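As written, the chain order gives the labels A, B, C and D, with residue 1 at the start of each chain.
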Amino acid sequence: MSKPKAGFYWCASCGGCEESVVDLAEDILGVVEAIDFVFFPVAMDFKREDVEAMEDGEMTVCFINGAIRSSEQREMAELLRRKSQVLIAYGSCSYQGGIPGLANLCSREEIFKFVYHDSPSTDNPQGTRPQVRFDAPEGELELPSLDKEVKSLDQVVEVDYYIPGCAPPTALLKAAVEALLSGDMPPKGSVIAPDTALCDDCPRIDTKPAEPLITEFKRPWQIQIDHEKCLLAQGLLCLGPATRGGCDHACIDGNMPCSGCMGPVSRVRDQGAAIISALGSLLNHDDPDEIDKALDGIPDPAGTFYRYGIPHSTLYARCGITAGNGES
Amino acid sequence: MIMHRKSPEDQPRIGVYVCHCGVNIAAKVDVEHVRDFAASLPGVVVSRDYKFACSDPGQELIQKDIREHDLNRIVVASCSPQLHERTFRRTCADAGLSPFFFQMANIREHVSWVTVDPGAATTKARALVAAAVRRVARAEALALRQVPVRPEVLVVGGGIAGIHSALTLANAGKKVFLVEREPTIGGHMAQLDKTFPTMDCSACILTPKMSDVKNHPNITMWTYSEVDEVSGFTGNFKVKVRRKARYIKEELCVGCGDCVDACVMKKEKVQVPDEFNVGLSKRKAVYMPFPQATPACMVIDPKQCLQLMKGKCAQTCVDACERAAVDFDQTDEIVEIDVGAIVMATGFRPFDAKRIPEYGYGRFDHVYTTLEVERLVNASGPTGGEVVLRDGTVPKTVGVIHCVGSRDRRHNAYCSKVCCMAALKMAHLVKERTGAEVFDFYVDMRTPSKGYEEFYDQVLSEGVQFIRGRVAEVTDWAMTPEEEGKLVIRVEDTLIGVARRVPVDMVILAVGLEPQVDTAEMQRRFNISCSQEGFFLERHPKLAPVSTFTDGIFLAGACQGPKDIPEVVAQAGAAAAEALALVDRGHVDIEPNTAWIEEEACSGCKTCIPLCPFNAITRDEEKAIAVVNDAMCKGCGTCVAACPSGAAQQNMFTDEQIYEEIEGVLAYV
Amino acid sequence: MKYLYYPGCSLKGSGRSYEESLLASFKKLGVEMHELPDWNCCGATAYMAVDEMKAFALAARNLALAERYGDGEPVTLVAPCNACYLALMKVQKYMAEYDEVGRTISDALASADLSYRGGVRVRQSLDVLLNDVGLDLLAEKINHPLGQWKVACYYGCQAVRPFAPFDDEYNPMSMDHLMRSIGAEPVDWPLKARCCGGTLTGTIPTVGLRLSYIILREAIDRGANVVATACPLCQFNLECYQSQMGREYGEDLDMPIVYYSQLLGQALGIDDRSLGLQRHFVPLTAAAAVG
Amino acid sequence: MSKDTPLPSAEGFEPRIVAFFCNWCTYTASDLAGTSRMQYAPNTRVIRVMCSGRIDPRFVLQTLREGADGVLLGGCRPGDCHYQSGNYKCLRRFKLLKRYLAQMGVENERVRLEWIAASEGDRVQKVTNEMVEQIRKLGHCRLEQIPRPETEPAAETHDLEQVGAGGMI
């Protein structure tokens, strides 16, 4: 019997998801033994033509990481969807938009303006902007165009499973592969990770007081962080209560607050709103001015509470960013 | 926790009933259209409009449909759930359906009564019906929680309202705690001389009731005491009562007054105005408010007593008391009681006439308030019943001014209801006692009660002169020799259309009734609402006039709004009956809208625990999750909204039910 | 303490002694008064009756100038003349409460490159004396207590009606307190804020004179030997028509009518000339004997 | 320039506002407005919750997502909460939520929190009318549309058993 075929592709991402595969260490040998990688641009030399040449559904599974922002990424997502039986959104970007998704706070024009004009490190006297078409000596070139917004994978193609994390914990990848091979998969649409929040297995939970614990929000560099005490209780914005566990509390062990990469648990529609509600409730002020003062300690609520998931959130993007064409 | 998950075969079969409410809804909302619209919604099996859904035939129609069409969800689009939710829940229950498979859409108070345009009203009604249909499909069969009710009742305030409530309850065999903040019960009625319109002597009809209270085996009477804290809920209130230090041992004092005679504050200038006589006489530091005070027990005013203020006094009172009842070491004592129901009978305060400076009260010696004149005409008052002015003369002309602080947009827009009759009573009494010529300045004469108009007629026939007009000012500015030394009442006589100056010797201001100064504080302490003018708010102006929005707390008397004595007594009886109906049943049904935690979803993050105002959430350390104590939860849902895991849910208000409602109001336009 | 000062026309004309005495007294009390540059008519009295909106525009210009003068800082504009005080208060309130007034006046101001955003607090000088300077400081600074005066404090109508931000509408007391603090004895009388006749004295003299006379008569009956006013028009009506009133009502009237600030100045030891007392028709000294 | 959906003209635009009112104060006030026959704009749809403390920021976001042009939250006045302090919790969440909404380009006027006591029927009227007017000026709340996959995937079968059969580790 032939081994199941698998693909691994990246869209708008940093490469960390690929790293997470390498992080399997010797376990990767078992994977490679059980699975035939037929498409893995970062690691192996396959071309798009190779995928196009496949039968529809020829790949048993394809892991796509990275958000979708360009015409190329969309095309690849659609192509890989056709060619695979199971499509897995791998990592925060693919699952919820991730860090690239923060770009949904700006219009494409604002981004271009900053990147090609305003940013202090830019030297671009001609005001050159990216072009979709370009007359090269070899002939006209067509380059991928940048979409107006960043999307998660499931906003472009149907996704069967999600593996969260930035980058996904190797344990989850391993579990997913094992489940795939054994055929013991959860219901379609599932997020392959535990369905309770990080606090559930946080080693510091016993140090968290059951009281309105926040009077002031602090940034990690502002304090000497206690290695044992609940980070929220120290005034740090730890998103653990509203973030799915399964990461083996890696950040907490590194003495850093959870920034929410695993996304919300299944019962919560909007991770950021959930943490807004929880933290707002626990703020220990009644006076409106005092509340405002405390909230000034969170200079960027959208970036803080939706760091990995603006495209997947209820509001999806800042109002009006798709208005106009944003072309240069 | 009572929760029934929906089984798959339990597909919603919804019946929708759009009520006309006579013309109240139908005149504005196109009820047939809403009915047809509802019929098109998913899950709706029956959709009807009906003249009066709450009527017996209306309810029977619903019950018939439940049986015949096998309906398992009911939506009634009619009035506010505050009014008829219970009615329709019972309808459902009687037809064998869980009362919580019922949802109301408020298309009267929120639609037909507040919307100008019929088209817009119909659109809004559709949206609310759609939301109710979507929501009811997610409803779960819950059971009412039954909680035992304590049989004791707390009555707050010992005026005539509190006295009557307490006696009614005690006579029915219930144990009553009567808490009064003054040193004696009796309230304002004890200060009155006569009561209109029959002119019974106020003391003669009140004091027997006061001693009944004192002697009733079922009544615990605590005067000079205040309610500090109320917690718990209907049927099971926990109340902390502060028994203020009286510095007299109540069980020893017989009210002989030897200590008063002995008190060193002999000189009148060191004495203080006597509250009972509205400052028309003075009292010492140790005193009894009035001879029939109940309990007949002295009290020492800590703000006047030299011993208590400065720790230095000859303590002649101690020596004088044969029973050794004086006790300077007394301190406030907090008593905790458990009661099933509370009757609020905290009364009113008279309008402060100084707030209308143009009437000269506090500036001119001879301007009095009605309450002061009550004391003047009273045989046991400071003048022994003689109407003499502060300069010792007897007035020959008297002006009575109505609506002082009432029906006046600068102060209180409302009518204080009792002052017209009180003014007439004053006119009658003063004329009777002094033979003076009495002028009565009224804005509108309001005497609509049994025997009241007849009393007005009587006073008319006695020769009191009535002048219709709002008095502009009371001044000592004389323009003619006849006005010299008199108070001149300036008024536009609106019946003859001229501005008049009426010189008088004495002015009586018929002051209105206002909420007690600390009503807002009381409102918070007892968790009840106030109406705009500051009186306690009844649950419904017509159908629940003595109930509050807080179950188990009832209103009696003028704390709910201005009232005269007959009305106060009637209402006090009603409040007692309502309280009795509650405590006599022995248990109370509580809405099952409590919160609960889905165990497997809870991460044990402890967010919810400190948010609960009733400490109903604790942490199960073994399972490392939060647990809601169903009996303590009052169903606010704060923990549910805050749960970052979606693990906390509230019965009757689950996230999904509310999302359905959100989608429902927005989906079908 | 530092204030912006709006004199208005009277304090530069018939009511000059009000300005002289007030500024001298404030100086002595260490209160700085800066006259609003380029101020104009407040729009009161006749103007208000003929065309209210134009009168508002006039008043508003002063407020706009004051706001600009403040340059972003809160400004208190002191208007000692009751008519000015009321006119300025009124336009302030109406601009805020009535959209149309707000719009029209803003447009009018805009045509002169001005704007008004409501940032000026208009106050009567009595208010400033009582509530900012305070009776304690006054008591400290008084070196010539005026025991000889029984003062009928006459506030006039516009200081307290229809707005009464600092005193009672019917029985104002601030001037009474002030008089007591400088050693004088205020008489208790009921006509403190009753009409002096206003402009009727000029238009329908029988009515106007009668109203003025009522005030004077009552002051005399109550034992006053001087009437203190806070309004140039009241002062003028009560003082300058005394001989006419005398003829009309058959009695000799010789009641000095001064500004409260003049008595205050005397108590502070300022000489009569600096207080403008020589400008009066009924000399302050003359009636002292009567009392 | 590509053509976006044209903005609706000011005329004919009727804002849709969803109101979350607490049972004890604001819902009662809104009933009182009814019994007092106070006429006001028909644009609100009231959803009753027991306490403003039950109002989850997620409800506000979802309401906007479902197409509402404004969200009005109503609770008891400070100190008057039937459950002691649910309204304060609501206030704190609201203030944090508003900061997020501002970043997301949702105009300030669209989401509003009001304390309305049970006796203040007139405030329900006033606040509703005011809010409707403000939002009428702003126009529709135009959240960015969330994209959905356009076509069904070509691979028809996701036969997991087959997958399982195919692999042994």
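List of remarks:
Here is the rule we use: contacts are C-beta pairs under 8 Å (C-beta built on N, C-alpha and C of every residue); 3 or more make two chains touch, one makes a residue touch a chain.
Just so it is clear, the structure is predicted and the values come from calculations on it, not from any experiment.
Placing every chain at the mean of its C-alpha atoms, the farthest one from chain C is found to be A.
More contacting C-beta pairs link the chains of A-D than the other of the two pairs A-B and A-D. Chain A and chain B have centres, each the mean of its CA atoms, that are 58 Å apart.
Note on chain placement: the centre of chain A and the centre of chain D lie 27 Å apart, centres being C-alpha means. Taking each chain's centre as the mean of its C-alpha atoms, chain B lies 48 Å from chain C.
Chain A and chain C have CA centres that are 73 Å apart. Shared contact sites, meaning residues of chain B that touch two or more other chains, fall at 611, 638, 641-642, 655. Residue positions 56-58, 62, 85, 89, 93 of chain D are each in touch with at least two other chains. The set of chain A residues that touch two or more partner chains comprises 268, 274, 277, 280-281. Contacts between chains form some other arrangement here, matching none of path, ring, star or all-to-all. Contacting chain pairs (ordered by label): A-B, A-D, B-C, B-D. By the touch criterion given at the top, residues 1-4, 30, 33-35, 56-57, 60-61, 81-87, 104-105, 149, 151, 154-158, 160, 177-178, 180-185, 188, 268-270, 272-274, 276-277, 279-281, 283, 285-286, 288, 291-292, 295, 298, 300-302, 305-306, 313-325 of chain A touch chain D in their complex. If you check the complex, the residues on chain A that touch chain B are 195-200, 205, 208-213, 240-242, 245, 265-268, 274-275, 277-278, 280-282.
Of all the residues in chain C, the ones that touch chain B in their complex are 168-171, 188-191, 214, 218, 221.
Listing the residues of chain B that touch chain C in their complex gives 357-358, 363, 473, 475-479. Here chain B touches chain A in the complex through residues 598, 600-607, 609-611, 619, 624, 638, 641-647, 655, going by the rule given at the top.
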